[in-house]
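In structure tokens below, several structures.
One chain, chain A, links the two complexes that follow: it is found with chain B in the first and with chain C in the second.
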Partner chain A sequence: MTTPLVAMHDVNIRFNTTRGWGYAVTAVSADVRANTVTAIIGESGSGKSVLGAAVMGLLPNNAEASGSITYAGLELLGLTDREWDQIRGIELGWVAQNPASSLNPVYRIDELISEAAIHRRRIRRRDKRRFAADLLTKVGLPAATGRNYSFELSGGMAQRALIAVGIGLDPPLLILDEPTKGLDPANYDRIRDAIMDLAGEGHTIMLITHDVTLAEQVADEIWVLYGSRLVEQAPKQDFFATPLHPYSQGLLAAMPSRGLHPIPGESPSFFVPPEGCPFVDRCPYAVAACHELKTPSHPTEGRSVLCLLH
Partner chain B sequence: MSAPLIEFAQVTKSFAGPLTRSRHQVFANVSFTVHEGEIVSLFGPSGCGKSTLLRMFYQLTSWDSGRITYQGTDITSLPKSARREMHRAVQVVFQDPRNAFNPRWLIRRSMAEPLKLFKIVTTNHQTLIGEKLALLGLEDGLLDRRPHQLSGGQLQRLALARCLLVSPRCLLLDEASSMLDLSVQARMMELVKSLRTDEGISVLLISHDRDLVQAMSDRIYSFHDGTLSTDIAHTSDSSK
Partner chain C sequence: MSRDSALRIAAGMLIAVAAMSLLAPVIAPASPIAVDMSLRNAPPSSAHWLGTDTLGRDVASRVIYGGRGALAISFGATLISMVIGIALGSLAGWFGKFTDTAIQVFMSIFQGLPGLTISIAIVGVMGASNLSISVAMVATGWSGISRVVRSQIRNLRNEQFVEAAKVYLPAPGYLIVRHLLPLTMPTLVVLATQRMGRMILMIASLSFIGVGLQPPTPDWGVMIQDGRQYFAQQPWALLGPAVMLFIASFSVARLGELLRDRWDTFSDDAMAVR
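For the complex of A and B:
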């Protein structure tokens, strides 16, 4: 069994908003094993990106996090800014969601890619073009792209440039947030291949996506978040062969390739404190005890599901 | 056989280069039809001209050659009243929903705009709007927000709900579910199919999601290197 690189125990994250407390992540306990790709899938607002931001120490000031998230044994929740400077980008790489707003438009791409290395690895400024060219080639872009500005790139090229920024210091753990959002099939394939190449080189990847097809293609492990809770965690083959949680079953059935079957009902409100299974109001198998369900069951080794049926 | 609702015949489009006088041809001799009650898809990569075709239909951009017709009549020769009726009957959801709503208006005002524009007579506008929102799983509370307070997925659903207010005969959906979660997309597409079945509405679906167009369409037209061809011998449940 591979050792966990990231271990989460009873992670809760809520936001203090003008409308009251909003609950983004509730009682999440799970491990990310080293040298694997873990896909975190779910709908908008399910807590995927917030969980990724918590691992990176990028939660906004109005967030309140409790529980424990460790990286190689180091507790991440509660680190100071100075301590984060020693690991962010070096041990943990982040590829943010939207390349159009994540790449500074007044700097050339090679400056963005080499910025961290100039400060952290003390590469010389005159070497930055070569440094950036190597990384751009690695993600399948021409080296000359380094002289472009972000607004001169297509969506797919900008996304790959953003990945090059994220892997600049060669961090063992990479968190990719919706890397294929809005891309056409050709660019989608290129990003998917880049992710698989990075995984092949030994990076541990947390892939946050609502694209179930991408998760099926590249992941080793699937986490399903719904209504702020981790409702199912399973190896990829097991998950796609036999999804256990009723929400997981509904999610797969809603894929165009599996018939486009909608899930009746609405997602739970962000502002209602989650108690029990968050899917209870939409679940055809729900019973009264589902409202009290606190912990997932473990039917088999390496698989857990938050459901009384299992 | 009656004339198709919409027909593009041998349409060619090129753009002038930004710095030179040379022109870049986007596509050449594109032909396709949408008949009453059909779901037809245009499939292709970014930049192939899918959205440009929609803009042409509303004469928001010109074309070099070819003919575009609505119910057999060239759209450039439609009299003003007929063009106005066409704009009511053929509703479009453009790709970026943020550009489809006035950022300074409450959603309530944006939603009521087509009812005023096309002089739709109802006993109560708000009830009609509420009905259409409910079809797409949206709450009335959204009406009192502004576009920047809503997600892209909510705006996409609002844009489709607004189209339905004026009882269209045809919907042009340009990546209209690209920002939706799977289950919400499935719900929207179920509604689209039921509109076709119950009310005979035609749909032109533009998408680069191959699985989606295959699941939805009676016919798929696919762009390859600037030409459009009927793609994939295709039958779906929706066409049965």
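For the complex of A and C:
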């Protein structure tokens, strides 16, 4: 077992809102191994994007995080802004949601791609087109795209351009937030291929997605978040062969290729602090003790599940 | 008339006025300050297109020279107002909280000042000079600009591309100058032109009441004041500078309005700035 690149221990994140505390991430402990693709899947509001933002130090001001997240041994929670500046973008790459609005409309794509490198890597300004062209080629875009503005690109092209911006400083860890959201099948395939290429080059990738199919295609490791808790963590083959948590089973059964069976009931409220298993109200196997379940069990090596059944 | 041709006409008028002022020594048929007591109050003739004034000075030459002071001062004061307004507005809009409150209070004080009255006071205390007029124009001009810049920066700072840029290049100054201000450019250009149009009129007002540019400097405001008393006998001495003043302030302000309509980036809130 290699040492983890990112190690989370008992991570809790809550938001101070006008409606009271909102619980986004509860008691998450898990590791991301170097040179792997970890897919963090879950529905909207499950806490997966917040978890990604926490690793990037991009939580909003009203968020309160506790526990521990380390990157290559460095504790990330509690870093000062100045300390963040030294690792964000350089060690940790971030590809935000909504590519079209994440690219400044007044600059050409090659300008945006090379901007960080010009300022932090001594790339010369006159080399910016070549620099951008290399990265664009890497994500499967024609080099000429660098001369376009973001609003001239389709959604899929903008997403790939944004990935090119994200890998501009060649960060070892890359966090992709919903990279295939709203894409047609052709663009979807290209993004998937780009992710696999990046993984092949040795980037460690945390892929935040609600797309189970994408996770199945590119990931080595699957984390399932539900109602702010990590309900299951497993190597991909194990997960898709035998999902252990009832929510995971429901999630897979809800996939179009597996019959599109919906899970009855509703997701737990953001404002109720999760005690025990968050799936208890919808779970066909629920027992009283589920309400008290705090810690996951480890049925096999490298696998954890938050369920009394295992 | 289409919007584009209106825009071209306004821009053309402004360029014509600016060219006339810049090239005044070449164009003007006579010296604007040479007195000829033998030829007082002469009607328009081929030698004196707009006649002469009560001191026998060539009115046409004085009209041609008359915009130089006001245009130069209003242009310079607009630039300085923009620099101050953009700097303080950006700081307030970006940092929010205490910085914002402090700057807003400061801004409100200046915003509350009655423009012409405070200009008269400043020029009165400092003595009439190009410098004091410039100070008065900047003092009454920057706060409106900074208010608009502040609200624009406040809106833009939450844009996702700013969040994205923050990840790689976190210095606030860099983010503001490079990622936010370029998007406010249309607004800034419109603000600047409108501000300058207003300043031209204010400077003429100051000169008219005798606290602005001083005789014998040829200035439209001064000339209107001088020509007022003899309007019945020699209307050209008043109408000449009045028409030029109108053309100058109108073309600048109209240019701003037309650019605003064309870019369509302005809110009603921004337009309320005086």
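The rule we apply is simple: the second predicted complex is superposed on the first by the 310 of 310 C-alpha atoms of A that agree within 3 Å, B and C clash if a C-alpha of one lies under 4 Å from a C-alpha of the other, contacts with A are read in each partner's own complex, and residues count from 1 in each chain.
FYI, a contact is a pair of C-beta atoms (placed from the backbone, for glycine too) under 8 Å apart; a residue touches a chain by one contact, two chains touch by 3 or more.
No experiment lies behind these values; they were computed from the predicted model shown.
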So, does A:Gly89 touch the first partner chain B, the second partner chain C, both, or neither? second
Answer with first, second, both or neither: which of chain B and chain C does A:Glu43 touch in the superposed model? first
Which of the two partners, first being chain B and second being chain C, lies in contact with A:Gly168: first, second, both, or neither? second
Would you sort A:Gly155 into first (chain B), second (chain C), both or neither based on which partner it touches? first
Of the two partner chains, chain B (first) and chain C (second), which one does A:Asn98 touch, if any: first, second, both, or neither? second
One more residue to check, A:Met56. First (chain B), second (chain C), both or neither? second
For A:His119, using the defined touch cut-off, is the partner it touches chain B, chain C, both, or neither? Pick first, second, both or neither. second
Using the touch definition from the top, say if A:Val106 reaches chain B (first), chain C (second), both or neither. second
Contact residues common to both interfaces of chain A (with chain B and with chain C): none
In their complex, what parts of chain A are in touch with chain C? 56, 58, 81, 84-85, 88-89, 94, 96-98, 101-106, 115-116, 119-120, 162, 165, 168-169
List the residues on chain A that touch chain B in their complex, please. 43-44, 154-156, 182-187, 210, 212-213, 250-251, 254-257, 259-263, 266
What residues on chain B touch chain A, complex-wise? 45-47, 137, 151, 153, 178, 181-187, 189-190, 208-212, 214-216
How about chain C: which of its residues touch chain A in the complex? 159-165, 167-170, 174, 179, 182-183
